[in-house]
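After this come two complexes, each holding chain A, first together with chain B and then together with chain C.
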Partner chain A sequence: MTTEHPRGAATPLRHLVVAATAAVTLLALAACGSSTSPSASKSDGSTSAFGFAPVKQDSSAAITVWVDATREAAAKQFQTAHPEVPIKVETYDGGADGSGSFQTKVEAFNQAGSGWPDVVFSTQNNEAAWASQGKDAFAAPLDKGYLDKSFLDGFTPGALAPVTVDGTVYGLRNDLAPTVTWYDTALMKQFGYTVPTTWEAYQALGEKVGKEHPGYIVGTVGDSFAPEIYFWGAKAPVNVVKGTDQFSANTSDASSVKMATLVDDLLKSGSMAKESVFSPEFVQKYTGKVLMMPGPVWYSGALFNNPSSLKSAPGTIAAGLPLGWDGQQAVAGNVGGGTWYVSRHSANLEAAKKFMEFVTSDPSYQVDLAQGLPAYKDAGDKWLAKQAASGFFAGDFAKNVSAAASEVWDGWGYPRFSQEAVWAKTVTPALSAGKSLVDTLPEWDKAIKNQAQANGYKVK
Partner chain B sequence: MTLAPSRAAAAGAPTGARQRPRRASRSVTGRWSRISYLFVSGYVLFALAFGILPTLYAVRMSFTHDDGTFAGLSNFVDAVQDFRFLPAVGHVAAFVGVWLVSLLVLVTVLALMVHAIGRAWLSSSVRFVYYIPGALAGAASVVLWLFLLNPTVSPVSAVLRAFGFSTFVETIAPGNLPVIFAVIAFWSGAGGWIVVMYGALNSIPVEVLEAARLDGAGAVRTALHVQLPMLRKWISYMAIMSLAAGTQLFVEPRVLSQASHAVVPNDYSLNQLAYLFAFKQGDLNGSAAIAVLLLLVTLVLSVFFVIRGGLFERD
Partner chain C sequence: MSATSPRRSYQLTPGAWLGRAATVLVLVFFVVFFALPIVWLLIASGKTPHQLVSTGAFTPGSLGALSANWGALVHFQNGIVFQWLGNSAFYAVAALAITLLTTIPAGYALALGDFRGRKALLTTTLVVMLIPSTALVLPVFLELSAVSLVGKPAAAILPFSFFPFGVYLTYIYFSTSVPRDLLDAARIDGCGELAVFGRVAMPLARPVVALVGFFSFVANWNNFFLPFLTVPGARSPIQVGLTNLLASVPAFNFTATGDAAVELPTLAVATLLSVTPVLLIFLFSQRFLVAGLTAGGTKE
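Let's look at the complex of A and B:
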């Protein structure tokens, strides 16, 4: 609390004087070179059968699970299915928009030397980059004997790439989140448009919509994850990670500039929104007016088939294949796809394992309740079949979504910092103030590199 | 929210009255003297545990590496050279500037006005109404402001639109943030200070005001030439307390950052930066360096207010 009157009002100056005097004394002491290590070094425990040294296990210990509000359903479902496993569910922001809550809380527990949760869900797919590193590494390696190989092999190929560091798997993927090209088949038909398959055709259509049907949109750049839709999908090299400490970003690369120009163009024509899809403004202004919208697969349940969001009519919304530059192979971007981690400090790894396997693969959650495409192959197939059977989405939903999932561009890295947070604080206010994206590129470039440097990367 | 100053204010005149009990204390027995030590011991213990010792710990950390070896000024140099440091200093300075000036001026003026209200019931009702927002804890009051600041859901959206803000992101544009934080802080904190100032105004002897009136001074002249000079200590006291609180800006930008999907950066204020140093980068020593720098700046400014405000002068 920053605005309250501090306590002990009667002696503020005395406080300060005492503190200042004592401080000077202490400086002198510190200068003499006292040395006590704040935390005792730990062995890395690589001798264990799990690839790390577990703490003393207690099969009756309750596991603490951190989930975001959306994944609370997964934990509840687990409680119903496994009442014998003692579990404590706590909700947090899930690290949304790169808030960094997961890491900051774990660092605090590292300092305290206790308090770690056993299992954590994060909406961000770059957490393994820090959670696997350092002397107090949080995430337990999963493929060194802790989880069965047959279970890990059940994930869609490539699904575990974001949680794999130096060849070791440190987390499980909750869902796959490739970007697809969402469009409204009814509006397309009504306006007499054909669905574009390249970014160039998309740009031309957007300009046309701006002129012919003002008020309708073909996308939005108002979200913190906009770069993961547009720049990742455009193969822009603005988030390149090599090894664990090399980073480069180039916003003046041709693909970056081409995409920025496209966005500017559509913003000018009025067919590109500036609002976040989660804002009340967006729902108020654009319900029934989204002609197209490149975006992640989870828009399906979060926006279109959601009565408190866009609430689209059944049979109107289709998921098209990702867009590509003219003459080039199309690639998909990717927005999140939640991840699950187990703590190395867990005192009940058996229960944690049961929980991890359940929430990522059990159909009673992943097929029946989950909003996005499950990363576990078997559940994923069933989820797609269920979507197809419901008839909510038009066109070949399952085929296009599966295709997109295998086309995610691998040139976009998973660094220890959030690209989303950098975009939100640098680009979003600039666009909102009417500045062009092309003009904002140098500022964005600098902000990304600064952030990378502050997080210990050698920046090129 | 703790309103320790109000207890002091309610007790009567700010400093002159303090001398009397002190003189009387010379004659108290040793037993009473011991009991007084008992009374202050609780405060002293907590001040040591949660004020002095953490401060000393931070100072020590700011001059050492994480292995405990002496680091000289390197933590300070690293912190100051961090690309987020100077912007954060700018943000906090802008906020404190806007807030402190508006707080000092408006609280004093409002307190004088409330004090001038002749009817007791009206005066106490107004003070109560001013005080209500202060009852909301920091984060809760920010959450309430999230609704007020979003033109789509705000009950005062007409006001926001009149300023040209049609979306939440436009409202919270970087240039508006110091004013927004100042408004939030004023709204939740000013009521308490008005009550304190009112108490201070009550301590001005009626004879003095009577004499001013007999000399032909109106309400404004009395306020300017009699009440304000006598309030000087209280105003500088308010400035010191608010300065200490204001430079520690943290909750408001943090909640707003999450609610705005990170459009308000999570490294807006110095305290947030210290938090990121400690728990995002694992650089606790750098974090301590930022904290010590903040302490130094606040100390220097507080000394200025103490001297200018004559806080420890005896009447």
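Let's look at the complex of A and C:
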């Protein structure tokens, strides 16, 4: 080595550089190495107590909580109610719009072997599919002794389905977003129509509206979550997840084809819009002209009771029960609803538990402050009663929404990829180009299966 | 007058006229293509959410609506937008200071020095310039994590202090615009190497210092991915903060509601606010920047 660099002055500098490089590399490698079994190395051996091996616990350790801006109120309310619990609240984008920031950050922390938050809120309801898997799984199982069974039983039936993977609950649902059948009672009365209760009657009414009242609509298929309204609500088996790695989609099933035909017919009659409910065009064209619209419960605040959107008159909009096929039991779809997760790496699981139970069930947040329908049944009932008392909605709002919340079809899975993204990439452009939905089904089928395979599923 | 001395443009041949018309068309196309979105953004910031979706894209809003949108932005998380701006300014200026301290001497040494490994260093600088910064995010994150800097301001400052493009710009400037003879004259007059650099080279290098400073500041200000990972929450710079705002727009996040929901015109105001510092710095340092960009263009 000295023969290559005879100048004495260069040698100490070079040694310094080599030493520094080696030190940084070793530190990085050490960090990577520790990520292979962080919990095993720090485990106190109490694997069986919670169904996972917790790290060494410290009851005075502050818990770090990640929330989106909307859920910051939940964390603040917890701080007010439990000033004795040390907590650090950090806001992030909540994984909104499929940003994947939760997963991206956790994977970086997995590589580093440290830095995980203790509790995370996500706006996406399919995070459990990845957060529960792998040797660096982030989400702690909650129903293996960590949370009380009586508490978990307090959630609306089916509410925890999105956070349940292979029979184990890995998260808690913050709010529910079942689909209901929104309709304008004033327009229904004016046109002399009755509210349909089946998809077949809905289709017939839509065709009638197209002929008798052009310009009025009974729904829109322009949003990326349209499959969750129409195909989920039609019990179409196009998003079936079994276990942790099996996926199937069948767009040629009778329910899928029937729903696609219904959408095509209504598009043809002009009573089904192609615009997104959030688009300027939709608001311009259809303010005051939405006769009916199957959609999630959060349409209430986002569209009808929103001065920036449809701005409906108080007392005109009602939430009807979900529609079903003639002769079959009606089911609801679901669009969204946030979820909470606890990290397996948390050093203060007791504080994390207290936080999780508070933010999902305590009325001081879920009833008094939260805008969405609480997933915790007791809080949900109180929230619905409060909404009904506001007098904005016509009909039996609380009863119908509550019924829809417990009728969400469990045949629709929560895979590691976004069905909405697949729909937006394949179906929306085809419909915009004037192609029929029935003709687009094979293309959609292929795109779903490709996406499932790319995410490691065995596809049937 | 015009009859006796016809203007030159009247003498254009049909071919030249067509050429000029084509040039104007191309220029108009690019002006429209690039300027329209900015004009739209400016107009959008002065509309109410309802006006934004119900009036024409370029129908002007009102000062009242602009004020309301500004109020909503300031109200969001108790004015966290100012904290984000402050964070951005701190990270960008601190990284800029370190960048200037390291890149200017480095470029000077590479251009006018004569030492072993000079060519290898220069080649390395060029190669590193070509590596996309995103590709380095994970290794840099692991490095920062290994030395427990994640979440600390240094995690957003140190990585951006490494600016090979600045070294290269300085190298080009000193290679082409500062005569070696001038530096030799200073040496003959008794200046040491540090004095030659400090008293002779640096005063001549003001344009390139401004240029490197500007590029470095803009790069620091606009960087997203690394700060997104390393300085979360209230320590975020404005670019990461903007995504938090975006995630609070109900159109992108169905669960965003209540006081924390951000309407699109408010987001437009935030976007304009985030580019204002860069715009102001550009306007005030324009003269230096142009001098720096054109320096070395000719050699006598």
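Keep in mind that, in the parts below, the second predicted complex is superposed on the first by the 366 of 460 C-alpha atoms of A that agree within 3 Å, B and C clash if a C-alpha of one lies under 4 Å from a C-alpha of the other, contacts with A are read in each partner's own complex, and residues count from 1 in each chain.
We take it that a contact is a pair of C-beta atoms (placed from the backbone, for glycine too) under 8 Å apart; a residue touches a chain by one contact, two chains touch by 3 or more.
As the structure is a prediction and not an experimental result, all values here were calculated from the model.
*Asks:* With the two complexes superposed on chain A, say which partner A:P280 touches: chain B (first), chain C (second), both, or neither.
*Replies:* After superposing on A, A:P280 lies in contact with both chain B and chain C.
*Asks:* One more residue to check, A:Q329. First (chain B), second (chain C), both or neither?
*Replies:* Neither partner.
*Asks:* May I ask you to decide whether A:S150 touches chain B, chain C, both, or neither, giving the answer as first, second, both or neither?
*Replies:* After superposition on chain A, A:S150 lies in contact with neither partner.
*Asks:* Counting only touches as set out at the top, which of chain B and chain C does A:G94 meet: first, second, both, neither?
*Replies:* Touch status of A:G94: second partner only.
*Asks:* Could you tell me if A:S114 is touching chain B, chain C, both of them or neither one (first, second, both, neither)?
*Replies:* second
*Asks:* For A:G222 in the superposed arrangement: first (chain B), second (chain C), both or neither?
*Replies:* first
*Asks:* In the superposed arrangement, does A:S60 touch chain B (first), chain C (second), both or neither?
*Replies:* A:S60 sits against neither chain B nor chain C.
*Asks:* Quick one: classify A:T428 as touching chain B (first), chain C (second), both or neither.
*Replies:* First partner only.
*Asks:* Enumerate the residues of chain A that count as touching chain B in its complex and touching chain C in the other.
*Replies:* Residues common to the chain A contacts of chain C and of chain B are 5, 7, 10, 27, 30-32, 93, 96-97, 99, 104-105, 108, 111, 278-280, 284, listed in rising order.
*Asks:* Within the complex, which stretch of chain A touches chain C?
*Replies:* Touch list, chain A to chain C: 5, 7, 10, 24, 27-28, 30-32, 66, 68-73, 89-94, 96-97, 99, 101, 104-105, 108, 111-115, 123, 174-175, 177, 225, 278-280, 283-284, 287, 296, 298, 301-302, 307-309, 311, 335-338, 369, 371-372.
*Asks:* Where on chain B does chain A make contact in their complex?
*Replies:* 1-5, 8, 43, 46-47, 51-52, 55-56, 59-60, 63-64, 66-70, 82-84, 137-139, 150-153, 167-170, 173-174, 184-185, 188-189, 192-193, 237, 240-241, 244-246, 248-252, 257-258, 260-266, 271, 275-276, 278-282, 284, 295, 299, 302-303, 306, 311-312
*Asks:* For the complex, give me every residue of chain A touching chain B.
*Replies:* Touch residues, chain A against chain B: 1-10, 12-13, 15-16, 18-20, 22-23, 26-27, 29-38, 93, 96-100, 103-105, 107-108, 110-111, 134, 222-224, 274-276, 278-281, 284, 418, 420-421, 424-425, 428-429, 432-433, 450, 453-456.
*Asks:* Residue numbers of chain C touching chain A in their complex, please.
*Replies:* Going through chain C, the ones touching chain A are 48-50, 52-54, 76-77, 80, 116, 138-139, 141-143, 145-147, 150-151, 228-229, 232-234, 243-248, 250-263.
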